[in-house]
Each structure stands twice: as C-alpha cells, then as structure tokens.
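So that you can tell them apart, the chains are marked A, B and C in the order they are listed, and the count of residues begins at 1 in each.
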Amino acid sequence: MRTSTSSSLTLSLGLAAGLSLGAAVVLGLTLPASVEQGEYSRLIAIHPGLAWASYLCFGVTALSSAAWLWPRTRAPRWDRLAGASAEIGVVFTALTLATGSIWGRPTWGVWWVWDARLTLSALMLALYLGYLALRRVPNPPEIRARRSAVAALLAVVVVPLNHFAVDWWRTLHQGRSFAQLDPGNDLDGAFIGAMLLGLLAMTLVYSWLLVHRYRVARLEDERDERSFEEALDARRRETVVAR
Amino acid sequence: MWRDALLVGAKDLRVEARSRVATNQVAPFAVLVLVLFAFALDPDRGMLQRAAAGLFWVAVLFSAVLTVQRSQAVEGADGIGDALRLSGLDPAGIFLGKAGALAVELFALELVLGAGVIVLYGVDPAGYPTLVATAAAATLALAAAGTIYGALASGSRVQETLLPLLLLPAVAPVLIAATRAWEAALGTAVAVTAAADWVSLLGVLAVVYVAFGVAAFGPLMEER
Amino acid sequence: MGVAVNLRSAVCLLGRFPALAGVDLVVASGEIVLVQGANGAGKTTLLRALAGLVPVVEGEAEVLGHDLRRDRRSLRCHVGLLGHGPGLYDDLSVADNLRFWARAAGGDGDDVTRAAARMGLDGRLLEAAAGRLSTGQRRRAALAALVARKPRLWLLDEPHAGLDAAGRDVVDGLVREAVDGGATVVLASHELERARALADRSVVLAGGRTVAGPADHAGIADAAPSVPEPTEPVHVA
C-alpha cells in the first residue's frame, strides 16, 4: 500500500510553486514604494494572488460537489477533492484577510474597517469554517458526502448574495486592484507584473497543496477499508462464529 | 407538493401548539435579549431608539436559531425519519411545510418583539407598509434558510453548536437588509439605499432559499 | 398470485460494512414469511432493504414489481414498516399521529377510526399525547398507523416485542387479515413459537446471508446452517 503523497507531479508542482512564489516576493520587495501607500503597496505581489486562490479553492469545491451530487459522476474522489480544496481555501481566505487588513492600515489608519470586500472575506471565512465543521461531524461517509455537497452548493449561492448586501451597505473600498492601475505607466506596469506573478504563484501553491491534501484524504480512506470482497467474505464467515 | 406542504405545516404548528415551546421558552428568551441590550447599551433612550432596528433583527436571528433547532428536534424522534421516507410525502412538500410553519412561528415572534421594541425602546412605529413587507420577506428567507441548514446539521451530537455556525453567516444579508430597511422606515438612520431596494433584495433572498430548499430536500432526505 | 419479493444475491452496505452479504429470498404474494437469525445477522437491514430504505448495491432486488436497484422511492408508499422506533410525534395525540400518517399515505378519517379500533385504542388513549404512553401502548399506536396506511407489503421487525398477550393476539389477527386482504408479510421475530405458528415458512439469516433456503417449519427448528469452514484464516488489515 502507498504511504507517501509525493510523486513526480507534486515534486514539479512544488518546485514551480516555490520558484514563482520566491520570484513574486523578490519582485514585490524590489518595487518602488508608491506615493499614497508607501511600503505597503508591495503587498500587491501577495494579496491579490491569495484572494484569487481562495475563490479558486471554493470554485473547485463547488464543482466537485456538483460532480458528486450528479448521479452519473458520483464517486468518493469528488467528495475528497471538495473537502481538500475547501480546507486550503480557508487558509487562503484567512491569509487574504490578514494581508488585506495590513494593506488597508496606511489608508484607513486602523487594522479593521467595515470595508465591503474585507467584510465579505470575513463572512466567506465563517461560511467555509462552518462547511469544514459539517465535514467533521462523524456521519457515515455517504451521508457526510451528501450533506457537504449540498452545503458547498448552497455556499456558492450565499456568497454572491452576501456580496450584494455588503456592497450596498459599505461602499468605501478603494476599488479593485486592477482598476486603479494604468498599464501604460511604466511604474504601474511593474505593479501589474508583480500582481500577475503573484496570481500564478498562488495558483501553483494551491495546486501543489491540493494534490497532497487529496492524497492524504485518499490514504485515510484506504487505511481502514478492506477490499469489498474481503469484507463480504468476513461477513459471511460470521455464520460460523455465531454458532 | 402543496397538499403535502399543508399537511406537514399543519402538523408542525399543531406540535408547537401542544408543546408550547415557542410561547413558553423562545418568546420569553427573545424579549429577554431585548432587555439585555438595554442593559448593555446606554439606558439613555436615544441610543436604544437609534439601534432599535438592528437589535430587533439580532434578537429575531437568535430566536430563529432556537426555533429551527426545535423544528428539527421534532423530526429526530425514533423511527420518524424512516416513517417520513416511507410516507409517500414529497420531500419538496416536507420542506415547504416545515419552512412555512417556521415562518408562521417567527412572524408571531416578531409581533411580540415588535411590541417589545415599541414599549421598551420607545420606538414610534412609522411606515407600516415597509415594516411589514420587510418582515414578511425576511421571515420567509430566514425560515427557508433555517430549514435547509437545520436539516444539514440534524442528527449529530454537535447539532446545537453546528447550526449557528452554519446558519448565521448565511443569513447575514438578511440581517443587513432587514435592518437597513427598518431604519429607513423608522427614520432612525440616514438611508443611502432606499428601503424599497432592501426589501427587493430580501425578496430575492427568500426566493433563492426557497428554490434551493425545494431542490435540495429530496437528496437530503435520501439517507441511510 | 405473483411474486412480491425477489432477491438474488442481494448485498447491502451500512457504511462500508456489508450487513447483507448476498441474500436470496423469494416471497409469493399473500405469503407470511418469518426471518430468523441471531442478533446482528442482518434481519433489520433485510426488512429496511425490502422497504427501499437501504440501497441494494449488488445482486438483483425486485419488490412489488419495483426494481430496487433502479428506483427505491416509488415502492415506499406501498410498504408498511414496523421498526424498532414507533415513529410517532411525542407531542401530538395518538389520534393526530394516526391522522397525519394516514393522510400522508392518501388515506382518510375512516381508515384512522378503523385502525385505532382494531388496535384497541379507545377514546382516552386516542387523545393522550404519544409521548406519555407506555411502551406497549406506543407499539399499538405504531401498528395502528401502519394499518391505517393499508400497505401491500408488511414488514414487521419484532412485532410481538413489548406487547401483552392480548396485544400479541391482535397482531397475529392483523397479519392474517392483511394476508386475506391480499397483502404480503415478512416478519422478523425472536418469539419463535408464536411467529412460526403464524408464518407459512421461515428463512434463516446468518452472516448477512440466507443460510437455509425456503423450507417448511418441521425441518427448520434444529437445522444448523451449512456453510463451509474457511480453509485458512484471513488476516484483516
């Protein structure tokens, strides 16, 4: 039985993730400080990437949950993938919140304001913490998979609704990261480059973590599971034991 | 589906009428929350008046968690799950019935809380149509979302702690929209977005949750 | 009379545990069949599978003409299952409980009245909250709810348990009436003497399988199931 989650795939993904993340960090640190935000603007190499990756995580969770619920594609691997992706997504969302709060500090003067996107990220974090809590309830595998899949799809409905409500309520945000930059400007071009590199790096980090986490989940499932034939055989022999 | 919904809804309301949990426990709790808010905030009336809309809806939300738990506990008795699955009742009808009964209970609770806010916080209930329209849409959304999440969390040992964690982030938009609409109607805050817009958002929320529940309850009941 | 139940090598999983590990069972319409077996042999799972509550993952399974491997739901409203739990709402009166379950199955008030009378549930008991009844009274109420639904297939899990002598006689009478009315009955019971007298024949379950095929009662009593010993012990991972 396999006991490792490494393979040539994870090795190359890990290398690529490490290299691109290192490059994004280096590029971020060599960016000039911007006029309005000072040193904090370097976070553009990290923060948008984290935010993008968290949405990617929950997107993958939603798609694999749909694949599990659809009778023709139903298979335990979709449930494992959904759970693995959501776990990583919660980490990315928490990091998005942390870096967003740090980034906002010079603009707002405080660590936390009820800014629309910050608030939305916090709600999303709570929503998926609930999803993970639901996954931890000791239900039989089939029931756990079914309930988690419904919860994941419901979250996909809830996030845009939260977005509307929070957006109408609070419209202080400085605008999207893209919108405020002018690609024609050389300085802005460097910022855009750093941001895009950050997006790539976080996507690679996510894929690398996802493959590992998925394989851990598969190993967990395999740990106690005997083959179907073995289990049938053992059950049929209970006849002899009982007498 | 509608016949089954009526049957299940009437059954749930009858259970409540017999057990009196909503009237004897949940309603006093909700009023108590209002009183506690008054202790926590400046007893000076201006403060409570300005916050009245938000406090009202937070109290409704907390009571909704209790009411949802009660609504699920009723179906948790030994053998009820199997009996429901064998009953021939349409799962969508069961969802609509349970959500409908929950909405009726919550609406009754809101009447009590509304009286509490008027008496305790000295709020002048102006703008009736907006208040009622908001309450109707918000209650429907809360009841539908509560029924879905209640079913998701049901049957586990951690049910009581899991349900609020699942439900509250999901109904955050209900709280925001209902509070803003009430503030506009009561004139306790400067409205940036018109009350009518908030009420339509609540309407969308209600429709989305009801539609999701109708679609999801079949698979959710198909267990074990 | 046709075939009400036809299972061929049916396998059912509870989680990953094969509670039924290849059951063969044929029951003709109008038959009363007793399922025997030690605790954990799979009797309850078999009854729940026949009700379409537990999916059959391998083998063939047809009940009342419904293929359980393709569609379990359409079967359910034709089946009455008396399980371990009474399936009653504690806060509602017995009458309200009976009315709810009867209406859910498309029945009316007359069905409720008849079923309650048949189970000896009189005025005072009918108005009592189900949660205040004794175990035996609750059992009677659960049976009345089943009768009011007029199912075509009766699945009774320990129908005699918790009932007094009069109650057991009523159960036996009900089963016979149901069969006279065209229904089929599969029951699991440890009250072997009473159940054998009631049933047309017995099957024995052990290790999630039928170990003795259809036979009449004379031979079954002492028949040990014939299952080959495993040739070598298998180590479970």
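Please note the rule applied: contacts are C-beta pairs under 8 Å (C-beta built on N, C-alpha and C of every residue); 3 or more make two chains touch, one makes a residue touch a chain.
The structure displayed is predicted, hence computed values, not measured ones.
Chain centroids computed from C-alpha atoms place B closest to the centre of all protein C-alpha atoms shown. Of all chains, the one whose Cα centroid sits at the greatest distance from that of subunit A is C. One inter-chain figure worth recording: subunit A and subunit C are separated by 48 Å, centre to centre, where each centre is the mean of the chain's CA atoms. Spacing of subunit B relative to subunit C, judged by their CA centroids, is 39 angstrom. Between subunit A and subunit B the centroid-to-centroid distance comes to 31 Å (mean Cα coordinates, whole Å).
Multi-chain contact residues of subunit B, defined as those touching 2 or more other chains: 224. In subunit A, the residues that touch at least two other chains are 140, 142.
Along subunit C, no residue makes contact with two or more other chains. The residues of subunit A lying in touch with subunit C in their complex are 140-142, 224-226, 228, 230-240, 242-243.
Across the complex, subunit C meets subunit A through its residues 11, 14-19, 21-22, 38, 40-41, 206-209, 211, 224-225, 227, 229-230, 234, 236-237.
The residues of subunit A lying in touch with subunit B in their complex are 69, 123, 126-127, 129-131, 133-134, 137-140, 142-143, 146-147, 150-151, 153-155, 157-158, 161-162, 164-166, 168-169, 171. On the side of subunit B, the complex with subunit C involves touching residues 4, 7, 11, 14-15, 18-19, 74, 77-80, 82-83, 85-89, 224.
Of all residues in subunit B, those touching subunit A in their complex are 148, 152-153, 155-158, 162, 165-166, 168-170, 172-173, 176-177, 180, 192-193, 197-198, 201, 204-205, 208, 212, 216, 219-220, 222-224.
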